Amino acid sequence: MDFKEKSIISIRDLNQESLREIIKVSSDVKKGKYKNFLRKKVIATLFFEPSTRTRLSFESAAKQMGAEVIGFAGADYTSVKKGETLGDTIRTVSGYCNVIVIRHPVEGSSRYASEVATVPVINAGDGANQHPTQTFLDLFTMSEYFSDFKNLRVGFLGDLKFGRTVHSLAYALSLFGSTIWLISPEILRMPEFLVDELRINGSSVREIDNLELVDEPLDVLYVTRIQKERFGDFQEYMRVAGSYRITRDVVESLGKDIKIMHPLPRVDEIDPEVDEMENAIYFHQAHNGIPVRQAILGMVLDVIP
Amino acid sequence: MDFKEKSIISIRDLNQESLREIIKVSSDVKKGKYKNFLRKKVIATLFFEPSTRTRLSFESAAKQMGAEVIGFAGADYTSVKKGETLGDTIRTVSGYCNVIVIRHPVEGSSRYASEVATVPVINAGDGANQHPTQTFLDLFTMSEYFSDFKNLRVGFLGDLKFGRTVHSLAYALSLFGSTIWLISPEILRMPEFLVDELRINGSSVREIDNLELVDEPLDVLYVTRIQKERFGDFQEYMRVAGSYRITRDVVESLGKDIKIMHPLPRVDEIDPEVDEMENAIYFHQAHNGIPVRQAILGMVLDVIP
Amino acid sequence: MDFKEKSIISIRDLNQESLREIIKVSSDVKKGKYKNFLRKKVIATLFFEPSTRTRLSFESAAKQMGAEVIGFAGADYTSVKKGETLGDTIRTVSGYCNVIVIRHPVEGSSRYASEVATVPVINAGDGANQHPTQTFLDLFTMSEYFSDFKNLRVGFLGDLKFGRTVHSLAYALSLFGSTIWLISPEILRMPEFLVDELRINGSSVREIDNLELVDEPLDVLYVTRIQKERFGDFQEYMRVAGSYRITRDVVESLGKDIKIMHPLPRVDEIDPEVDEMENAIYFHQAHNGIPVRQAILGMVLDVIP
């Protein structure tokens, strides 16, 4: 796939080959193969919703490669308050920059933005829908430890119903045929049509409600947050949350090579004592946002050959 | 006029010659005649009120020419909350930058800021009063289509009572002797003293309440938003708003060469179907904020010869 | 002291020699001895609380020396809202930058941040506790007028109970053995353990409640704001505030060489008519934030020899 001037909206627009290409370029960027390749480019970061990690890593990524950044960190300080449509904001800002990075609470807003923009748009999260650069950095991080995704065994733990991160990453892994374990309380299971899709793409998928039921060694356990707002009954939440909390003991029970990942922010689903274990790679994962986002910006702006 | 180290506060501080000079330099900047001329300069953008367009275009303009930008996008995150006066904020920030761009809700605040600052101040909107760089980009945009402002026929449509944009632009055009049509509901007519001034400056001015009453071909129709808050009676608003809404049919009735302009943001006074017509130049107009603001920054900082 | 890769958290971590070194390097930086020394560095400014002066001067300081800046100007636009701990935010952002500048309302938060960060942390204010770079710029400003701190006579006026600025600066001066006058209403006196400490460090300290009781010429009068919230009784506040207000007459009564300093923002404790007097150096003091913060950034990043 040629990324030149393309918008990056959904993981579903990409195939295995494009994902391999993103991983390869990210790796080259991380090794320092390309220098200052975003010089003279202006990146607009339009965050209609709060974010620390995604916004700061996009901005640091861009600036380290010589780009200029304009934008905002919340809709309060924009003309949205005066009733301006998203389309008009995007059309206007298109004239001020070379690429737009957008986070917006409404599902589909990034796709719409890419249709009216005259520059490429990168989706940095549209509600519960998509956040493709998170998936890229998740895959890239896995690729640093495992060269063969086909034989990778990945467990997803926690809220598999609402988490866009899990949906996108599981989808991406299924394109490679990885083995996928879905571990969640009954009420937070992954929607059936998504599970079907993973299988159609070629993954072996198992759905269970308890980590102890995994009967083969996992390579990666991808943990997500369980939000108490999802439960009507607080007692039920407490019961469930406890059994999806990762402690040092749980990690040790999973074998010495297991990698623990998490998209962050975490609340209390991973005990801080796990942070010091070699298995914990979630901060390393977050830091990979820099080379991966540099790679994507370089590819859509056609400044990486 | 020598712009070196001068503050840009009100269109009324400028004459025809200075406006011609701004248009000329903007045109040179847009053609790429000057490169990187804001290098080593620090621009402070102090926005005490929300803005997308003006702030982002100033920041993109400055950064594209090599400047550094500091500032804030709303008064919440400043010492204003601690009771600091505007004067003290300006005096302090003067020591951190080479030029201050200020938007503030209070009329006259920019003039006051320019009196206490030790660096030039550019008014980016002081309440209902002035927003001179908007007028510069409006004039520059017109100059791209029409070389002779004296024979230009411009219609202003909508809220002519409260709109600072219209007041400033009409004033500027009157310095060139353009023909001006003022088209508004009775209760939103331009204040009489402003109309008198346009005539004294040499413009022929006609005031009407209906676009159909224009009896000569217009070159430009400058549309503005009618805010429903201006009307006590919602029925009256609905009746009026409808007849000041620009559709494809209205544009076609105005002749094939008419240019439709708007300062943006728009709400619904221009039908989105108009966007695709060649007559619609309002996004182009907004994008001209870049070269025009680069020109102004370069002139007051004396880095454009 | 070697500042390389060290965090700057509290004035209490420094001795007389380190303070002299900071003053010396700041002076060299101000004279233009080092150019562009922060090139290729990324500074994260994490302001969990509002600030104009400190944030903008750090950002301008960094950018003028070639650094890139990422960050936020208030906690609203961060993942803190989603329940992320400060530790996780710091661990994550560590991977995006070379140094973290943090302001946070909780006392001790900066120290904690420095313990989890993998890059140096500079405390830009942690609640009522510490704000060391303010003290550095205060000392540096004094050094521009007075070469010998041992024989310096400094009066501190206003709220000496709660003001972190006063506590830190008085402590720093006591390391040099300066003479210190503490002038405040009874209920806003400096905590006794702090006064004891100044004396143990070698300062002569006098505590009085009225500026007229100072019986020797002062070199510097350091004025601070008295917040009315500190008083239960508004009448009492009014009576007290009046006698701690600096006017032209008061300055003149203090001798022609007295320097009036203030950390800013001020409300009404210094009459604006004082601003024009040569004795008033508080805006000059604020502007010294630029070279001093450049010096500190350069020292902890080990790019100033």
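We just call them A, B and C in the order they show up, numbering each chain from 1.
Convention: a residue touches a chain if its C-beta (ideal position, glycine included) is under 8 Å from a C-beta of that chain, and two chains touch if they have at least 3 such contacts.
Treat the numbers as computed from the prediction; the structure is a model and nothing was measured.
Q: Chains shared as neighbours by chain A and chain B?
A: C
Q: Over half of interface residue numbers shared between chain A and chain C means same, under half means different, so which is it?
A: Mostly different residues form this interface, as fewer than half of the numbers used are common to both chains.
Q: How many angstrom between the C-alpha centroids of chain C and chain A?
A: Result: the chain centres lie 41 Å from each other.
Q: So which bits of chain A are touching at least two other chains?
A: Residue numbers touching two or more other chains: 73.
Q: Where on chain B does chain C make contact in their complex?
A: For this pair, the touching residues of chain B are 42, 44, 68, 70-73, 76-84, 87-89, 91-93, 95-97.
Q: Tell me, which parts of chain A touch chain C in their complex?
A: 47, 50-53, 56-57, 59-60, 63-64, 73-74, 264-267, 272, 275, 283, 286-287, 289-290
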